[in-house]
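There are two complexes below, and they share chain A, which is joined by chain B in the first and by chain C in the second.
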Partner chain A sequence: MSWHVEPEMLEAYAHTAIDDAHAYSIEAHLVSCGECRAQIATLGDQKELETLWTEINGAITVPTPGIIERGLLRLGVKDHVARLLAATPSLSVSWLGGLILALGFAVTAAHLSSRGFLMFVVLAPLLPLAGVAVAYGPRVDPTYEIGLAAPLSSFHLLLVRASAVLTTSGGLAFVASLALPQKDWAMVTWLIPSLGLTLASLALTSVISPLRAATGLAFVWVSGSALALYYAANTAATAEDLFGGIVQLVMVLVTVASVALLFGRRGSFERGVRH
Partner chain B sequence: MNSVRIEDAVKRFGSTRALDGVSLEASEGITGLLGPNGAGKTTLLKVLATVMSLDSGSIEIFGRDPSRHRHRLDIRRRLGYMPQEPGFHRSFTAFEFIDYVAILKEMTDRKARHAEVDRVIALTGLEKVAHKKIKALSGGMRRRVALSQALLGDPRLLILDEPTAGLDPEQRLRFREVMSRLGEERSILLSTHQTEDVAALCPRVIVMNHGKMLFEGTPKDLREVARGSVWFSEARAPEARLSWRTGEGVHRNIGTAPPGANLVDPSVEDGYLLLLGDEAFIEAAWRRSRQCAGRPWFTGRYR
Partner chain C sequence: MMTETRTDRSLLLAVGEGDRSALHELYNRHAPWLMFRLRRRCSDTGMVEEVVQDTFIAVWRKADTYTGAGEVGAWMWGIAIRRLVDHLRRTRNLEPLREDRSATVVSAEDQVLVGVEFGDLAGAIDRLSPELRAVVQATLVDGLTMKEASQLLGIPTGTVKTRMMRARARLREELA
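Take a look at the complex of A and B:
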């Protein structure tokens, strides 16, 4: 900064003994100059300054946060949490757009054939799985290393982001499932597998890299589903038959085991996850 | 008390020994790590920044052991770290990004946090671009953003990996000014492959190569390594390991000086080159040939 407000002017401003035109130009400078702000903090009446201060601070932080962050703030999320979430790739506008698109296709497919409905059930759990995989870790978070060296618990950061991703993709999948042709409990057969796969990927992240964990699980889920569909091809099996009882039960067990493993190994996240 | 103590540090990547038995201590002041690419500087700094663990050896920071959870947290609370290739959330503004890191540093109170963000922004002279998106900033500006985040919370230990890479000469001067002011009461460890940086900035220099420490001392000591090994001559001296024509038209030679040679005062770079040996001479020769072609700033910036 090459020029600063002259001390006399600053003094006058601090005591609000200055005309509007000058005050305006000083404020314009204060917004961009930390040194003069520091200077003015030592002058004048503290109460008056406090008021000026909040106004200037307002102007400084006004450069509006991104749309996601604003949305979160409006939902009542605390500002520091909103900032942590805004830095999550899978909470970006383009990611959410992609989710809506994918779900839209799946719903359309479900209306075209009963196999299409099964596609929806197979696809829906993959969305939060992918979302969580790109929410945290050295490959996807450009500030991963800085974050690791910082005192905020990396495990905490992981959980905050993973819950936000699960909530958004789960919420969107739920809305999409309301548009499905089937209107019984089969419309939510994707829910427990979503939880199971996502939590399993988080738990595995304490051992292998987040991307490897997610791709491995996606592979198991998709090939398992494909096998089931293959053997059911010549039967009249419905979604309930294929993804009902046994799959749901297995996924509940996977969820419980994953939560146990995840919390048991929480310390490993503070040492850093694999690349 | 020493802020940092490392003993016999070994870190392998496959068959490469990135750290091959490094021992060092550092207390208040600036310590410069000097070494060519691949010397192990980044690995050492990552270990000190608690983001990488050693294969063997011991390490203590502020008397705490970073492999223990509680201790590590204590260390992280007093640490500022600027990685060699800091990433950014590019859609954030500079202010938002630094604010984000401030949150990672446990500053939850919004008002106090913003005041602190403003402070480091003023310190690095980023006021004018604070509200520009990071993706719109130049490389030099981004490095200053990365430096700002390391200064948050006024940490007692600053670990800066190649903080001057990509800075133009003016930014470099400003950086040195900020550092020398900070270095008085804090421990700063920085890496560089620019001898001018350590000569201008670091009371203490450590030269590394192939994961080993080759030298530890003041820049003056490093210069003295080359005393008696630098001389001027009219023509290229056959004894020289490196020889180039200076602006004044004489040849400046480094190597084993012949008897009766016109010896000159060595520079820090001379000492550094002699310590490192042939590899470094080749690199320096290459660099100078590029400079003679009239593109002196190209090599570092666009690597």
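Take a look at the complex of A and C:
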């Protein structure tokens, strides 16, 4: 380009000390002239420009979604729900890896001895229980504080996360149960206890902390199972009969009671979960 | 001064692929003049800074919407002036009492109509009243639509139209 704005004119323009007609002609020229743009750039407040760039650079730095979040997005989960789910500690890759490991051991044990099958039935319900316990609450959730201020209600978040944890660990346990030596209905005896224990821990969360609720229930479940096994060893009833009959019935009742309690006390979740 | 080794277009292309340093280079080249130009239209320094910030964030996100037709500078100005319109509209909505007193009109009024004595276009433009000149600037110079101009200046669209007609008539009269 042969024509350029004179330096004095640029300076006058930069200091808003020029009439509009000249300003328009300078502006029209600046749009297409890199040389004059470079010239006027030297007149800018460098410190201000640098500060502004730092802010822009920060604003465009958005964390790239991790593998779980991308998977959820691909499944059609809304982005804010996907972010909340991906931030759930018990939905992390390491947690899921732990689950697979635990289930793998249980399945192997089931193949090695008949008692191993019972071990699987006792263990499988504990996995979602532990998952839900560390899915929500001030101690374990990195987004807990954000969650309290989010437009999504705490109760809603709790349900969303709990069902996500229940589905993943339940799904994994189901896949694992396909590898069990028993190929009958006994394969899924862990299902209703899983549901019952998880919902009971959610309901108890309205009274005590999630970790305490889960620990207490796990203790009750494991000692109850041990008692049942001890009882079975002294009577004609087999352990399979016990877990197939009485335990299932009790767990159905626990599930129903927990759901009722959970929805009855939903308001107490909005003030935050107990520490 | 550093010579412009890469064209604006190739930088914008790189920005579209997520190249942060390309955006920085575009910022270094274009932010200063955009800021000066915005400052002539808005006396609120804080708002001008926010508009520049928004503009480059928009460039980062929408680099791929640049069709390649026209100067990159013109494309950027198109984004910047519309961001300014948005900002001004938002502040006006928050402060309905100041509806008709936009910063741009005030700053235009502040400018003394110097008695340019030659009968050229520049002189004719300068002899327009600040109100008419503001409309000429928003539509002809900044490339806004009547509606956007009305939002920028905080006046009804009908007023923009009548002022535009009056400005045209005045200019024609002066240049005849």
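Note that the second predicted complex is superposed on the first by the 200 of 275 C-alpha atoms of A that agree within 3 Å, B and C clash if a C-alpha of one lies under 4 Å from a C-alpha of the other, contacts with A are read in each partner's own complex, and residues count from 1 in each chain.
Everything that follows uses one rule, which is that a contact is a pair of C-beta atoms (placed from the backbone, for glycine too) under 8 Å apart; a residue touches a chain by one contact, two chains touch by 3 or more.
Remember, predicted model here, so these are calculated numbers, not experimental data.
**Q** Taking the superposition on A as described, I'd like to know which of chain B and chain C A:40 touches: first, second, both or neither.
**A** A:40: touches chain C, not chain B.
**Q** Check whether A:202 is in contact with chain B, with chain C, with both or with neither, and answer first, second, both or neither.
**A** Once the two structures are laid over each other on A, A:202 reaches no partner at all.
**Q** Is A:24 touching anything from chain B or chain C once the two structures are fitted on A? First, second, both or neither.
**A** It touches chain C, and chain B stays clear.
**Q** With the two complexes superposed on chain A, say which partner A:13 touches: chain B (first), chain C (second), both, or neither.
**A** A:13 contacts chain C only, not chain B.
**Q** Quick one: classify A:166 as touching chain B (first), chain C (second), both or neither.
**A** Neither partner.
**Q** Tell me which partner A:267 touches in the superposition: chain B (first), chain C (second), both or neither.
**A** first
**Q** Considering only the touch criterion stated at the top, classify A:32 as touching first (chain B), second (chain C), both, or neither.
**A** Both partners, chain B and chain C.
**Q** In the overlay, answer first, second, both or neither for which of chain B and chain C A:80 touches.
**A** First partner only, chain B.
**Q** If I apply the document's touch criterion, which positions on chain A are contacted by chain B in one structure and by chain C in the other?
**A** Touching chain B in the first complex and chain C in the second, residues 32, 34, 37-38, 57, 60 of chain A appear in both lists.
**Q** Note which residues of chain C are touching chain A in the complex, please.
**A** 1-2, 4, 8, 20, 23-24, 27-33, 35-37, 39-40, 49, 52-53, 56-57, 60, 71, 73-74, 77, 108, 111, 114, 116, 121-126, 133, 137, 141
**Q** In their complex, what parts of chain A are in touch with chain B?
**A** 1, 32-35, 37-38, 57, 60-61, 63, 65-66, 79-80, 83-84, 86-87, 141-152, 157, 267, 270-272
**Q** Along chain A, where are the residues that touch chain C in the complex?
**A** Residues 13-14, 16, 19-25, 27-28, 30-32, 34, 37-44, 48-49, 52-53, 55-57, 59-60.
**Q** Flag every residue of chain B that touches chain A in the complex, lowest number first.
**A** The touching residues are 46, 49-53, 69, 72-73, 76-77, 79, 81, 83, 86-93, 95-96, 99-101, 103-106, 108, 110-111, 113-114, 118-119, 121-122, 125, 127-128, 130-131, 149.
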